[in-house]
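Each of the next two complexes has chain A plus one other chain: chain B in the first, chain C in the second.
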Partner chain A sequence: MIQIPKPITLPHFKLAAKTTNNLSQRLQSPPTMFRRFLCRASTTTMRSWRRPFSTDLSAETSADSKFVEAWRKAIPNVEPPKTPSAFMATRPSTPSSIPSKLTVNFVLPYSSQLSAKEVDMVIIPATTGQMGVLPGHVATIAELKPGVLSVHEGNDTTKYFVSGGFAFVHANSFADIIAIEAVPLDRIDPNLVQKGLTDFTQKLSTASTDVEKAEAQIGVDVHSALNAALTG
Partner chain B sequence: MAMAALRREGRRFATPLISPNPAIALRSSIIPSQEQVSSGVRCISTQIVRNRMKSVKNIQKITKAMKMVAASKLRAIQTRAENSRGLWQPFTALLGDSASVDVKKNVIVTISADKGLCGGINSTSVKISRALHKLNSGPEKENKYVVLGEKAKAQLVRDSKKDIELIMTELQKNPLNYTQVSVMADDILKNVEFDALRIVFNKFQSVVSFLPTVSTVLSPEVVEREAAESGGKLGELDLYEVEGAETKSEVLQNLAEFQFSCVMFNAVLENATSEQGARMSAMDSSSRNAGDMLDRLTLTYNRTRQASITTELIEIISGASALEG
Partner chain C sequence: MASNAAAPFWRSAGMTYITYSNLCANLLRNCLKEPYKSDALSREKVHYTISKWENGKPQKPTIRSDTPEE
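After this line comes the complex of A and B, so read on.
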């Protein structure tokens, strides 16, 4: 015999016998059904999303388990809070041979521009100059300055102008690029760039305090980088 | 006839009872009104019930409207929170999740809402913050709080006032954006000494489920120390080449600051989304409750009204039968 699971009955449903008002019942049921459906849907998606690789489970929870144990000992009544690694898919470990493609995550505060995209090469504007990253690149932490980021995939190249940020290249050919703002190059207006450049150069020459000088210098840097990006 | 006249006058002159808290006052006042029926002052009791019904109906309308407002705000902010989820993942991939790190100076950043009526999420955040404080207490260790939001401030000021370093409220006066959060993060980093920052917030999982979460950001010195110890994730940090014009420690400093502002941005957005979701479900259950209360009141009202009519009929009939014989 098939066991049909009993739906969760919420307390207010018990009053249904008393109220003869069908309208109120009809109004009550869709939101609760919706809520129940969401509960079930969320638990199933959460379950499947949180453990994509069951073999990696021990690695994922090892950092957490120390925290969870310490919590459970000190504070037995409260459920331990979650930690970020519980919400993230684990990264694969370093393969023995160099993979053919580089997996790139390019994130901004407002969106993930590229998420686990396989590309051939990225050129990132590090503070030490343009840096090309190929699969098998040595693990690096690079600070970015305002400049052009280009992503090469086969024959296409996508170019973005990025503000500052960071880029991490991991040993397993994963590259994470985090920037504050990124715009495709064709969205930049050259006139505004020129105007901004002249404005900030003027501000730099008339700046008196350190803060003003620093701000003006940043403006000059960004605008000259924009200029170079548009012309170069 | 005298009775009928009294009834009419009663309806005109009965003072409407102001019921600020019909939920609690209701049960206690239903019984007195029924007693009033038996003592003969029937008309005023239906007035009482009618006034209660009116106020409960108004409450139901208000909570329903608040639920709609919260639902629309939730839609808007949920997309932004989900888009910002990619922001903290590279940092956790690089530096690992060091919730169990043992440091001397812990700073617990508690994120909460400014407005109330959003269920239990603020209390949960405060409970977790207090538990973290307890977990990380010990000799030579100090725990400080940085409080974001009015509701956590109200709760933490009561018993941990000396431990609170910084309080920030009215975060959502303007729509949340990265610039505002990075200014806030800069403020915190400048004014608070820390070895580890633990950010406590409610992560939005679904409209009915919010998970309290702790994100840890370590100061650059602690990162270097943990990397040197070669334990777990941070042990691999030395294998990373550092590309930057400055020295490695300066780059690590910039990295820590950037990590803090990114994690804060995501945390603040997730907490705001959780707030709207919690408010939506709280207002939904509240309007449902008000509907139930209204049904019960309607029944009471009808019973009271019918009882008064029956009593009047009985009096008339018994008066008539007394006259007859």
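After this line comes the complex of A and C, so read on.
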């Protein structure tokens, strides 16, 4: 979303000497060049405020400054609009020492189960297997499969059965876990799980089309994961 | 571009990720204990009206109350 630049009050031709407002004092260029260079958050201050030694921010800033340079060359009278990256908070820098706790945000489409909770470890059911995430974990994006998510805080462990989703671990020890449906294990009915498992195993053997086979296979996967969660 | 990973079985069967994940979520909801199960299923109910258009005019709308069961 580009911010529409405010109309400039200065006239467009060489009357810089005649401007009576304070803007004339802020003109950095000589009066013959009537380019107005306002120091606003959208231009240099934002860029210089970004931490200089974050190695992963350089791409963003150079793209922004190239745009600003090109704009100034083409349209010197109008202040460059803010690019979307000017509205985004800068990516938090990777701290130099590993933090002692992992901050977890665990959200569902209809509610937020954990919001910026500081924990010691979470074990997430990624498609590549159970993944333990500790503070200082490398930045990762993991797709989740139906399985158990466990949150370890001191001596307490909270377990949820997650139907699927994604987990994003950031370099600064923040983890965002997004699930479509997640329930604490005690809300699962073992009888329904068993019944579902036998139903789908039967459907799998009688399935004929690809779609039916896929659906039956998914059913078997989910119910066996539920079974394992309840017994394990 | 070479494909990096073999497609998951549901993708090769023609199912999209959204269909797959919604299916998994529904299967999970159907295995819940009673008060939670009816809460979850009622939360996921969708109601909408559809009007088909013909010759630039909307026809009579139909109301669909779609339960999340497959």
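By definition in this document, the second predicted complex is superposed on the first by the 141 of 232 C-alpha atoms of A that agree within 3 Å, B and C clash if a C-alpha of one lies under 4 Å from a C-alpha of the other, contacts with A are read in each partner's own complex, and residues count from 1 in each chain.
As a working rule, a contact is a pair of C-beta atoms (placed from the backbone, for glycine too) under 8 Å apart; a residue touches a chain by one contact, two chains touch by 3 or more.
Everything quoted here is computed from the prediction, not taken from an experiment.
The partner of chain A that touches more of its residues, comparing chain B with chain C, is B.
By the touch criterion defined above, A:180 reaches both chain B and chain C. Of the two partner chains placed by superposition, only chain C is touched by A:146; chain B is not. In the superposition on chain A, contact is made by A:165 with both chain B and chain C. Judged by the touch definition given at the top, the superposed model places A:110 against both chain B and chain C. Using the contact criterion defined above for the overlaid structures, shared-chain residue A:96 touches neither chain B nor chain C, since it reaches no partner. Residue contacts after overlaying the shared chain place A:231 against neither chain B nor chain C. When the two structures are aligned on the shared chain, A:74 is found in touch with chain B, with no touch to chain C.
Residues 110, 165, 180 of chain A touch chain B in one complex and chain C in the other. Here chain B touches chain A in the complex through residues 80, 83-94, 96-100, 127-128, 131, 134-135, 178, 200, 203, 205-209, 211-216, 232-233, 236, 239-245, 251, 254-255, 258, 262, 265, 281, 284, 288-289, 291-292, 295, 299, going by the rule given at the top.
On chain C, the positions that touch chain A within their shared complex are 9-10, 12-15, 20-25, 27-34, 36-37, 40, 43. The residues of chain A lying in touch with chain B in their complex are 12, 15, 18-19, 21, 24, 27-28, 31, 35, 38-39, 41-42, 46, 62-64, 66-67, 70-71, 74-75, 78-79, 81-85, 87-88, 91, 105, 107-112, 115, 126-128, 131, 138-143, 165-166, 168, 170-171, 174, 176, 178, 180. Those residues of chain A that touch chain C in the complex are listed here as 110, 146, 161, 163-165, 180-181, 183, 187-189, 192-193, 196, 210-211, 213-215, 217-219, 222-223, 226.
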